[in-house]
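Down below is the structure, laid out as structure tokens.
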Amino acid sequence: MTKKPAPVMTADEVNDLFRQVFPQLNKDRPDYVVTEVFSGGCTIRLNAAYEHLRPGDTVSGVSLFALADLGGYACVLSHAGPDALSVTTNISINFMRKAEAGPVDGHCRILKLGRSLMVYDIEMVAGPDAEIVAHATGTYSIPPKRS
Amino acid sequence: MTKKPAPVMTADEVNDLFRQVFPQLNKDRPDYVVTEVFSGGCTIRLNAAYEHLRPGDTVSGVSLFALADLGGYACVLSHAGPDALSVTTNISINFMRKAEAGPVDGHCRILKLGRSLMVYDIEMVAGPDAEIVAHATGTYSIPPKRS
Amino acid sequence: MTKKPAPVMTADEVNDLFRQVFPQLNKDRPDYVVTEVFSGGCTIRLNAAYEHLRPGDTVSGVSLFALADLGGYACVLSHAGPDALSVTTNISINFMRKAEAGPVDGHCRILKLGRSLMVYDIEMVAGPDAEIVAHATGTYSIPPKRS
Amino acid sequence: MTKKPAPVMTADEVNDLFRQVFPQLNKDRPDYVVTEVFSGGCTIRLNAAYEHLRPGDTVSGVSLFALADLGGYACVLSHAGPDALSVTTNISINFMRKAEAGPVDGHCRILKLGRSLMVYDIEMVAGPDAEIVAHATGTYSIPPKRS
């Protein structure tokens, strides 16, 4: 098995960093919260409320994409270090099942942590049976270390 | 050339439908507006303000994804008819350049309009030189016609 | 956990079906072989030889894409039944590490088996440390049952 | 409009380079041929014969993926210079319509040419009506210049 990279930040530290550098994210309430950081990945939760729903009263694709994108951001921050200027280069997302309002858990896994790129995937599960509602794969570009 | 499907709704009608069935979308202000519907596609604009920015003060990936997703939604509504329950099955998005606050125009093109699936792409341009800031390809699932 | 769909064909039966309906696949040699079919997925192996290499003498992206595509085909055939006319609607593939000539194992997992679409992912591992060399997510369209 | 990067190689030079560094590609016959290189893109043709077909006698997804991948390779070689070690990092491909044996033309467009990454898309058309049979978006990683 591929050796898993070790994290350099905790879940709380990532949530704090989100608050400082990304005030637009959780304006009124903690909508998106990193719940765990572990070697080679992290878990992030969307507390889906009315604002996250789309026609049909299911969690919108945009809200699930945000979970996927932030899950990758939490992975890159926690494993490559707290440089907020890492940016997404691409994400491919599949929507499998409808999710109702309530928690959606995103299980993120780093597939490759290179010097300039991180590739990861995220499985998003929700509901009483923890069914997979969406799955995404993405790449973050890591800026060169400043010295 | 592939014959282009003809629209059955105007841009104004799509914006009205968004207001009725998707009140979460443009809460305080018209952030996302369909500006044109034509045979085989549409144009949709994001008026990117402070809330749409991410660390580094550039338009967030989530806001561009929302533009891509809504552009596809506008295509399917305007070309397959106003059934709000069409849903995204997948989207793949690439981020190419940073965009500052201001308008971002999404040029959408229907690549295939089948009975149950619509495939489209969207080129997102912004700035004084109308540079491509992001590009996405996606699929919408069209519900069976109700009679 | 999402209940896993049960297979209706064995690995040998899928390999036999490949031979019958897809003679172009393994012309001279068994390049692509389904090694296991289980509830909710399958494993498929590429025996990468000289023809599968690209400049730099690593397994080509096309050969890995073929593994990903055939892995999904084996999943849909073994779980939705032996209708050879199921077709891929889209695949998104990420290449993470270089693989040398030799076996590459694709671990496929069905993320959703609907009536008309199957979504799956595949993790491709190779080398002495079984490192992830590529990962893909895809969708197959399942033709309506003939009666 | 984004200024288009100028090519540094012709179509013939790219085909020659393919022959030299990638002998596995066109073994018996010119299956994949670059037909034009222009500022910001290129055109590449697949001459689809029996070997490129899948069950149902339509051009296989793998053959269209190969066209998409090689189209990107031709773009990066012709615009960033003849370093054969550029590699694909990811491709997302959508299959829209079935193509029969015969020529399939891939129209490639560079969406971004950075120092270390090139993003492009390709529209694949075939048949008497030049219908879009597939569309892909991809990224190539460009190795650092050797001096």
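Going by the order they are written in, the chains are A, B, C and D; count residues from 1 in each one.
In the analysis below, contacts are C-beta pairs under 8 Å (C-beta built on N, C-alpha and C of every residue); 3 or more make two chains touch, one makes a residue touch a chain.
Note that the structure is a prediction, hence the values are computed from the model and not measured.
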- Message: Let me spell it out: compute each chain's centre from its C-alpha atoms, then which one is farthest from subunit C's centre?
- Response: B
- Could you let me know which interface, B-C or C-D, is made of more C-beta pairs in contact? C-D
- Which integer distance in Å separates the CA centroid of subunit B from that of subunit C? 33
- Note on the structure: So, in whole Å, the Cα centroid of subunit A is separated from that of subunit C by 28
- Query: When the centre of a chain is set as the mean of its C-alpha atoms, what distance in Å lies between subunit C and subunit D?
  - Reply: 23
- Task: Give me the residues of subunit B that touch two or more other chains.
- Result: 89-90, 92, 94, 139
- Task: Based on the touch definition given at the start, go ahead and assign the chain network to line, ring, star, complete or other.
- Result: complete
- Message: Under the definition above, what is the set of subunit D residues touching subunit C in their complex?
- Response: 21-22, 24, 50-56, 60-62, 65-66, 69, 84-85, 87-95, 98
- Per the touch rule, the subunit A residues reaching subunit C in their complex are 1-2, 92, 94, 96-97, 111-112, 119, 121, 129-132, 135, 137, 139
- Write out the stretch or stretches of subunit D touching subunit A in their complex. 89-90, 92, 116-117, 139, 141
